[in-house]
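Structures given as structure tokens follow.
In what comes next, chain A is part of two complexes: it sits with chain B in the first one and with chain C in the second one.
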Partner chain A sequence: MLAIDVNNLNKKYKNFHLKDVCFQLEKGYIMGFIGTNGAGKTTTLKSILNMIHIDGGEINILGKNFIKHEMELKQEIGYAFGGIDYYTRNKIRQVTNVVKRFYKNWDEEAYFNYLKKFNLDENKKIVELSAGMRVNYNLALALSHGAKLLILDEPTSGLDPVARDNLLDIFQELVEEGEISILFSTHITSDLEKCADYITYINNGQIIKSSEKEEFINTYRLLNGGESQLHEVKDHLISYKINSFGFTGLIHTKDFDPSSNIKSTLPNLEEIMIYFSKKEEQHV
Partner chain B sequence: MNIVISNTSEKPIYQQLFEQISAQIIKGEIEKGYILPPIRQAAKELRISIITVKKAWEELERCGLIYTITGKGCFVADLSSDDILQKRNEMILKQMTTDTSYYKSFGLTIEEIYELMKTVY
Partner chain C sequence: MYNLLLKELKLGVSPFYFLLPFITGTLMLVPAWLYFVVLLYFCCITIPNLLAGYKSQNDLIFSIMIPVTKKDIIKARVAVIVILELLHIVAAVIYGMISISLYPNLNYFFYKPTIGFWGLCFIMLAIFNIILISMYYKTAYKYGAATVTSIIGAVLFAGGAEWLGIKNSFVFDLFKGASADNMAIQISILIAGIAVFAIFTIIAYNIAIIQFEKVDI
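Let's look at the complex of A and B:
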């Protein structure tokens, strides 16, 4: 079963266009959603949750049309967009008492476990929490009502390396039984190199690629060669950088002749993002 | 079962898994009938993606080193000493083929390779 099925999602703003966004997430897996600032990550996630009005497209969650079953599906979704930023003069306990009433399957035990895991004190006021603690508190709320699908917008940004590592542990524990699926956006790609099963990459409102992680990386090669070799591959390169020692550039694996003398390596996610963004600069 | 994953290696992680486990099976360090950890548990513990583990397990199964009983798990196959020898040779030959093409690119003859090999073996 598909946890998320997004088809031809379109949303037009004055200066930005989310264009024919399509991707699928199989139930029980983790998908990383990457892209530079302003690429459309948050807009896509908000569109999925019907938090903004879309111009076209269809979204199915856990096998059901989201618009038709919105209330029912929202019980099964945990979401967090950054840190908590409402009722800031109230204590954590009071805010939780408000939030938990919305959920039929609120799990008090899980909630207290997460508070403990995240070192959160119920008696603290929201305003007294650090940025990272606000993110963690929002995550604790998202994780405590037995959600089958988690949609998290940059859950790791603002967290220190230790907290990020703990969070990734929690993600992997959650998907272990195969019942829970996680979609999270980030631009800290090292978080994804290890634990994500699928990668969806959005650039300038369009999906560049959405696939299983190793396949995703294997689609590209990072080339490294002398300046004299550049002309051999220049027309096929997605983009490249030149310095006094030669050039480095990104290419689709299918466009690269492996018997060539140019040194090729597997890029990491960050490098793929950098060269794709560079491509646009070169065309402008 | 011991597994050490290197993130800096050029080798894909599923291949690292496959090579390390198959070597341990062939050397007899993992006994027949040993149950491999469930895919999702292994992924969690090794901090790698589920699909990576799945691929490694599939490759092990394809090579006849493990077999799956649905609902029970993946078991190390019962291999005769002939099977083990054959599988070991297959793997060694595969590595040798890659290495040989590297030596050939320098124009070495087999005798030269042999002499050099003796000095490092």
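Let's look at the complex of A and C:
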């Protein structure tokens, strides 16, 4: 079963166009949604959640059309844009007492277990929580109402490495039983290398690739060669950088001849992002 | 809807705004004052502060994230505004009755707090609501222009009504002349005022639904 099924999502702004965005997330997996700042990550997530009016496309969540079943699906989704940044002068207890009334499957016991697990004090005001604790509080709220899908926009940004690592561990624990799926956007690619099963990469409003993580990385090769070798592959390179030793460039694996003398390695996600962004700069 | 109303009252609205009607209402005790101003305090103090509170507390994102329809979000918000308005009117009526009994032989240049006068107050708030609510939900967070315009609308009505009460013999007669003691006429004006208030607020609510549906969060 698909937790998220996005087809041909289109949204046009004056200076930005989300164009034919398509991707699918299988139930029980973690998908990392990567892209540079302004690539369209938040716009896509907001479009999925009907917070933005789309110009075209279809979005199905947990097998149901989101717009038609919005209220029903919101009961089964937990989502957050960053940490909690509303009613920050109120205590956790006050906010929870209001929030829980809206969910049919609210589990008070689970809520207190998560508070304990995340070391959250109900009597603290939200403003007193660190960035990591705010994300955890959001997760506690989502998980206590039995969310089957978590959609999180940059949950790790602003967290220290330890808090980030803890959060990623929690993500992995959550999907272990195959019931919960997570879609989270980030531009911190090391997060994904650690915990994502699938990667969807968006650049300038278009999905470059959406696939299983290993397959995603395997689609590209990072080439290192002398300046004289550049002309052999220049036309096939996604983009390249010239340095004192020659060049470094990114290429689709299918366009690369392994028998050539050019040294090739598997790129990491960061390198893929960098070279794709560079491609645009070179075209400008 | 009940949960949303509870959310508004527990998180959105400071208890101070429920106390304020009983503070501003004491101005009804000023002899022969311009009593429309007592209710205009709601428009000038409560509304901008309330809407600023929603904005600074990021209420829009909070409301959108919980499983409720946009229609219900507006319904709860309009209900809160109406509850506060009624509270202001009730408090002003109580103080108005005290004022009349304190100064029984006063000559009123402006309107006396008669039953009919409260009907005019309802109309003033009706005008305020229809401008405020329909303008506010164009963005659901920008409140400046909506507040200023709706206050201007309410003040123009109050000023116009007072002017007519002084200059127009028919209106003078209704509120300050022979008809002022005619209970049937006074109650009719009040009922008409309440009807205008209800109709305008319902229209405002429906315009807000259309406006809010178009808003990208």
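Observations on the model:
The definition used in the following text is that the second predicted complex is superposed on the first by the 284 of 284 C-alpha atoms of A that agree within 3 Å, B and C clash if a C-alpha of one lies under 4 Å from a C-alpha of the other, contacts with A are read in each partner's own complex, and residues count from 1 in each chain.
As a convention for this text, a contact is a pair of C-beta atoms (placed from the backbone, for glycine too) under 8 Å apart; a residue touches a chain by one contact, two chains touch by 3 or more.
Fair warning: this is a prediction, and the values are worked out from it, not measured in the lab.
Superposition note: with chain A as the common reference, chain B and chain C can be accommodated side by side.
By the touch criterion defined above, A:Gln94 reaches chain C but does not reach chain B. Once the two complexes are laid on top of each other via chain A, the angle at chain A between chain B and chain C, using C-alpha centres, comes to 160°, given in steps of 10. Look at A:Asp55: by the touch rule set out above, it reaches neither chain B nor chain C.
Using the contact criterion defined above for the overlaid structures, shared-chain residue A:Asp255 touches neither chain B nor chain C, since it reaches no partner. Touch criterion not met for A:Asp121: it reaches neither chain B nor chain C. In the superposition on chain A, contact of A:Glu179 is made with neither chain B nor chain C.
Legend: residue contacts after superposition of the two complexes on their common chain; A:Glu227 is shown touching neither chain B nor chain C. Contact with chain B, but none with chain C, is seen for A:Glu193 once the two complexes are overlaid on the shared chain.
Of all C-alpha pairs linking chain B and chain C after the chain A fit, the shortest spans 30 Å.
The part of chain B that touches chain A in the complex is made up of residues 7, 10, 12-14, 40-41, 43-44, 47-52, 55.
Touching chain C in their complex are the following residues of chain A: 46, 51-53, 70-71, 74-75, 79-81, 85-90, 94-95, 97-99, 101-103.
Every residue of chain C that touches chain A in the complex is listed here, in rising order: 3, 6-7, 10-11, 57-59, 61-62, 64-69, 214, 216-217. Per the touch definition, chain A reaches chain B in the complex via residues 28-30, 168-169, 172-173, 175-178, 193-198, 212-214, 265-266.
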